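Note that chain A is present in both complexes that follow, paired respectively with chain B and with chain C.
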Partner chain A sequence: MDHHLLHELEHLLGHDGVLSRPEDLLLYEYDGSVEIARPQCVVFPAKTADVVRIVELSNRYKTPIVGRGAGTGLSGGALAREGGIVVSFARMNRILEIDIENHRAVVQPGVVNADLSLAVAHAGLHFAPDPSSQRACTIGGNVSENAGGPHTLAYGVTTNHVLGLEMVMPTGELVRIGGKAADAPGYDLCGLFVGSEGTLALVTEVTVRLTRLPEAVKTLLAVYDRVDDATETVVEITARGITPAACEMLDGWTLRAVEAWVHAGFPLDSAAVLLIEVDGLREAAEEHAAQIAEVCRLHGAREVRVACDEKERDLLWKGRKNAFGAVGRLSPTYYVQDGVIPRTKLPETLREIDRIGKENGFEIGNIFHAGDGNLHPIILFDARDSKQFQRAVSTAEEIIRFCIKMGGAITGEHGVGMEKDRLMPFLFSEADIALMKRVRDEFNPAGLLNPGKIFPTGKGCGEVRVRSQRNGAETDSTHEESSPA
Partner chain B sequence: MPGLPPLTHEEAQREFAETLSGFTAGDKPEYADYSRCIHCGLCLNACPTYRLWHNEADSPRGRIRQMALVDQGRLELNEAFVTHIDRCLDCRACETACPSGVEYGKLVELARAQIAKNFKRPRTSRWIRNFVYRRLLTDPRHIARIARAMRFYQRSGLEAIVRGTRILRLIGMSKRAELMPRIDREFFFSRLGKTFPAQGERRARVAFFAGCLAQVTFTQLNDATIRVLQANGCEVVVPADQFCCGALAAHAGERDVARELARKNMKAFSAEAFDAIVTNAAGCGSTLKEYAQLFATGREENESTDDAERAAEFSRGVRDVTEFLSDLGLSARMREMKLRVTYQDSCHLLHGQKIREAPRKLIRAIPGVELVEMPLAEQCCGSAGVYNVTETATSMELLKEKMRNAKSTGAPIIVTANPGCMLQLRAGAKLHATGQDVLHVVELLDRALTNA
Partner chain C sequence: MSSAARIAASRAGEIVGPANVIDGADELAGYEVDGLGPGAAVRPGTAEEVSELVKYAAAEKLAVIPVGARTKLDMGMPPARYDLAIDMTRMDRVISYDPGDLTLSVEPGIPLTKLAATLAEHKQFLPLAVPFFEHATVGGTLASGVDSPLRHAYGTAREFVLGLEFVSGDGALTKSGGRVVKNVSGYDLHKLMLGGIGSLGVVTRVNFKTFPRPTPARGFFAAFETMEKALELRQRIMSSKLSPLTLDLGSPGTAELFSSATAAKIVPEAVTADLPARGKWTISAGFWGSTDVSARYERDLRQMAADCGAARVDVIGEDEIPGQLGRKREFVAIVSALSPGAVVMKLSVRASQLRGAQTEARNIVAGAPIDYATLTNGAGVIYFAMLPRRAGDAAQACRQAAGQIMKAITALGGYATIVRCPLELKREISVWGVPREDFPLMQRVKRAFDPCNIFAPGRFVGGF
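On to the complex of A and B.
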């Protein structure tokens, strides 16, 4: 890294605000995904003005720049794929304003998702997007990735809860879009920037909508002996016009892994469980819960349990929200995929995933937001065996391609990042991608902001890197990419 | 693309090739343990030091990564590594947050064992560590001797004179002086070897673990614990030849010392069978319950596994006093006390032993007592064994936040479950003038009893 740049950054932020020693940088080469990429320095702005200066410096020294929240992302969005400066927003973590009456809050990007909900809980409000990492992930990161979560089904994803943004553009200007009003005049730019995976601007302030906590919540656990019965239940619930607040499925393999850790009461001998939640006014919630229980039984649920208190409800959710981590107990390296299909295709898709797994010699666990058809197949592999790893990647790809065939998409909520850029051509035509690139180039003309993300690198082959913990090396594996479907 | 290319793995290897060190054999973080960390980051916001500085290097995920890197020879066991591992409170809040079940406490203690073995600290630091962990804590006679000298200092008027001068502030000791415990007039040592009968029908027979420094600074607490147990139908035996539990030594990486103490305690408590071995110190309890871990690593190849098995057997009998009483059920009559209290979770009770409800249940069982939860009760107060002495500035920052939260409840009493936390919170109440009293759960129960 250019010494002058480093010197200027230190001058701006102090020694405490810049990391550049190799031993520190090694701790910013990872996030929650299997990707690896190391920056050349990490900076901690304390205020918006710092971010403006950092962007100016990145331009002057032609050095890439990447924003980072808590580093819990699952597609490598916060990694410096082409080196450069990582801007950690972790210290810009103040809640600037809470407007209880109007259900609005203005926060800095480093505020932790769950901390905002905690801060407004006394008024019966919360910030609705609830990714599984909500106890650690930041709102800035949620905005960049347009994070979802189990309650997306009824409450929508992050973009539905962001009303305004203050951003530093890659060219250095400070702009504000949207505002506190529900539908700001002019173009709906929030919709464009939320979910842009940190490639269009660095967000320095977020105005969010706060949502009233429901009057009543009913959480049901339905236990099945056949996976098909569970998936068909999901299709039928929505066909009846009921929209649950959440509808999650864990298959037998996954729930056994979870149960060993959480003891949520998932029956170990079952093939699948559905975790369904309805909320709203007391009478409506009860009515819907009863209807859902009926549908579950009609479709062969051997048991339908309704959580009788807050504690039991928390326990069931703890089981779900800790599911991926619980899998880590079985195998230190696993690959969580993220695909979307129309929910009517669930039974068929799950059968196919099972078939693909068997064919490739993998046991694949399934855990997903069944209500909106967002799948998370989990493939366990041993990172020390590079052949096995390559096969895991190609298996995952086969699954994603099947999702596309079913009319779905390559990612539901984890983002494209550096994980799925090479899969984009399977879903979009050249013209589609060219349009998206034009948008990026308009705002990020020099390509210095979060380079190497979303769009295929165009090398004709995908490069996947994964960390193998034993030898500390990254296994670089290159595999042939067939022509786009 | 403009800009400099990122380092490739080969470059990274070269970068560290000259300084390859790794860990040495024996007590060290093992692949099977650290590879359980899937770097999901769910621990970050639970970690007190990450919450303060927001640097990965001072987060559980980052510390585990550093251990892995050292183990793999990609990072030197140097001052930077030592600093980040030293700064860990070992509060284990990350274990509660971790979905993968990483045993972080075990990892950090093993990393510290490597540091103790392979890193040369400055001479004074070495001398102090050697004295405290190898001589003072291992021998009750040393503890008594030093306690008597300190008692003289505190009660002869000498302390008042020193505090009257500016000496403490000049040598940067004024805050540490606040943390210094008041030495008891009478030491608990005189109770060793005695048996205290149950009141009424005997419901259980327990052995009491008295602690080391607690015997000269928390005699009242120990006495109160015995009284509460007696009042609830327990016969309490205080085995004579018990020693320090070894927690402070184990946390500091002095595992051979901890093992030696563990062997002595296992012997002292094995003479007869008890329904439980009860302690009122969450920190000690956590270590006593994990004695087997001490013997799981660092064993010579042909050494027997007897100690590990005996340790596991011993640990099965250990109960925190709140856990024990809550399971047994309170049978003593208690008077009504119109009191509002708040509870500070002791880290080694909540995160180390996973006990959250028992102390709350006991507090609520006292007629008239209202328990008001403070925000972030599960966050460490900064006491953390000897952390408030070794990392005073950080500890004081955490304490400030803790006292702000404790004060916000409006409760005049802060209840907790560990002597170390009590000292820290008392210092906090004084430094931040919150006017709050600090009690152990059993002291609160004892108050309800004694005035019945």
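On to the complex of A and C.
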């Protein structure tokens, strides 16, 4: 990196606002995915004006620039694929305003997702998007990736809860879009920028909607001896028009991995469990829970357990939300996929994933948002064996191709990033991609903001590198932080 | 017909077949937008035909306006140019429907009523209770961005349109989003098209998430002597654990409109509970659920209304829901039918500003020969209708008031636009309200989608 640029950055942010030593940069070369890419420096702006200046410098020195929240992403969105400056929003982590009467909050991008919900809980409110990494991931990252989570089945994903953004454009302009009131006139720019994976602007402030906490919550655990029975239960719950707040599935392999670590009470001899939550008015939650229990039993659940208190409920969710950490104990490396399919295709797709795994010699675990057809097959492999890694990547690709064949999509909540750029042409035509590129080029004309993401680069998957034994070195707490939604 | 128009009609005829070209003056009059008629109108039958038409228009720099049932063509500013209307009503099929997955894919020309009937067979529906419901198409509804009282429970179309296929300004058949309920693959370009009044492309396919029909539903009315008391009830419901389907606040003028004969012609179902509300501010809500759940709603709503000093409370049954929802849905249509010179504004503010916004707007029209009626939905969007008492100076007063209201609402941090007004008003004021700082970003969106500027030039925000 140009040492003049480094000098100017240090001048702007102070010595403790810039990292450039190799041993420091090592910590910023990865996220929650299997990708790595090392930046030349990491900067820590403290305010919006700093971000404007950093963008100006990146333009002057023609150096790529990438925003980063907590680095929990699962598609390489916050990695400096082409080197350059990583802008960490760790210091822009203040909740600027909580407006209880209007159910709104204004936050800086580095605010941790769960912290916002904690800050408004006293008023009976919460921020609804709840990625499993919510105790670490930031709202800025949620906005970039349009993050989901278990409860987005009923409450919607991040884009449904963002009303306004302040952004620094790649050209250095500071712009506000949307605001606290509904329906800003003109194009739905928030709809475009949320989920644009950090390729169109750096977000410096977010106005979000807060959602009331429900009066009652019922959490059910349905236990199955056959995977097909569990998936067919989900199909029927959907078809009956019951929308649970969450409907998660763990297959036998995954629940055993989880149980060994979390002791959530999942029965070790079962083939699958469904973790289903209903909420709302007391009367409605009771009824929906009863209806769901009935459907579970009709489809062969050997047991339907209802969490009797908050403690038991938390334990079940702890099992779900820490599942990826648990898997990390079993294998040096794993690859989490993120396909989506129509809910009616669940049974057939899970059978196919099982077949694809066996054919390629992998054990594939499944833990996923069954209620919205968002699959997370986990492929265990050993990254020290490069052939095995290549096979893991091609196996994942085969699964995604099957999802597309079923009428699905390549990513439900993790993003395209640098992980799936090459899969975009399976889903989108040249014309589709060309228009998306024209939009990107209008906002990011020099291509310096987060280059090498979303759009096919023509680079093969051989480019994708993997850090080895990373999970082996993790502590328990980081297991949680790197877990996906 | 000019020679250019004749050539356009003839080339378009080669694409869609001569039977689907409309070039007679009488028929073309039906395609006028703010007094300007196209040289020709065509009715394509496939997405590929739309693509060919747009390619041709782009090559010849013809200005194109896509239309559906033509119920809301007076939205936006008058077009700067208008050569070709692309009438989508022939493309009215259900392409696929997976009731078990609650997903649906349709062509944009399908009427909302036909779609509702298809969904009703599976006890499902789409929460598009929009004005001109009996005639409107899916495509026109989405393009015009009109909202629905049901948004309180279901959100606007952006929450349940999963993806769109459309023809962009270079004639390319393009798509974004998909058919699954959760998806972050690529940019959400389709969101830009919702409410874009056809300024970015011509939609050829819409993928929806559908919902179970909320039946049996019931309705609730509470009438108040003052706006303040009614707003207090609204705020209490908003902060309670109840989640009604709709939650709207009507002014005394609106109660008057709703009980008029004109309203009855547009929405024939009788709503007895409306009548005693004349002269009062009303809160009306819909809710649904089992006997126990409904009983809970009724009990809590009655209690809250009593606490807020309601003058009268009514609960209505399933049979009167279409009347209650229909009147709220058709507010703009009822106002237009009753008062052709009316100016209907859309004022969006935070809940805490609802009182201030309504008070400002009322004060502005207070001294003028203007009656007013307002309907405020659950999202905090106020539809403020100014009804001139006579022709002439009242129209001038409406113009002045509209400008003042836009300034006042902007000062409150809200947005004010004009949904419907006489053409003359548009010559003096932009219906899109006070210019905003995000306009340059919108220009870039427009350029990416429509590089030759052929779609509805001049009609949208900022003169796109």
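The criterion applied here is as follows: the second predicted complex is superposed on the first by the 464 of 485 C-alpha atoms of A that agree within 3 Å, B and C clash if a C-alpha of one lies under 4 Å from a C-alpha of the other, contacts with A are read in each partner's own complex, and residues count from 1 in each chain.
The rule is simple: contacts are C-beta pairs under 8 Å (C-beta built on N, C-alpha and C of every residue); 3 or more make two chains touch, one makes a residue touch a chain.
Model, not experiment: these values are computed from the prediction.
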item	value
Partner chain in contact with A:104 - chain B first, chain C second, else both or neither	second
Contacts of A:436 with chain B and chain C, given as first, second, both or neither	second
Partner chain in contact with A:145 - chain B first, chain C second, else both or neither	second
Partner chain(s) touched by A:84 [first = chain B, second = chain C, both, neither]	first
Contacting residues of chain A [partner chain B, same complex]	1-2, 19, 21-24, 26-28, 30-32, 37-40, 44, 61-64, 70-72, 80-84, 88, 90-91, 93, 110, 112, 114-115, 133, 135-137, 261, 321-326, 328-329, 332, 334, 446-448, 451-452, 469-474, 476
Sites on chain A touched by chain C in the complex	99, 101-104, 124, 145-146, 148, 152, 156-157, 159-160, 169, 173, 175-177, 179-189, 191-192, 194-196, 212, 214-215, 235, 238-241, 243, 280-284, 287, 340-345, 369, 372-374, 407-416, 420, 424, 427-429, 431-436, 438-443, 454
Residues of chain B defined as touching chain A within the complex	1-7, 9, 12-13, 15-16, 31, 34-46, 54-57, 62, 65-66, 68-69, 72-76, 78, 80-81, 97-101
Complex contact set, residues of chain C against chain A	98-103, 123-124, 145, 147, 155-156, 158-159, 168, 172-176, 178-189, 191-192, 194-196, 200, 211-212, 235, 238-239, 241-243, 289-290, 292-293, 296, 346, 348-353, 379-381, 413-415, 417, 432-433, 436-442, 444-445, 447-449, 460-462
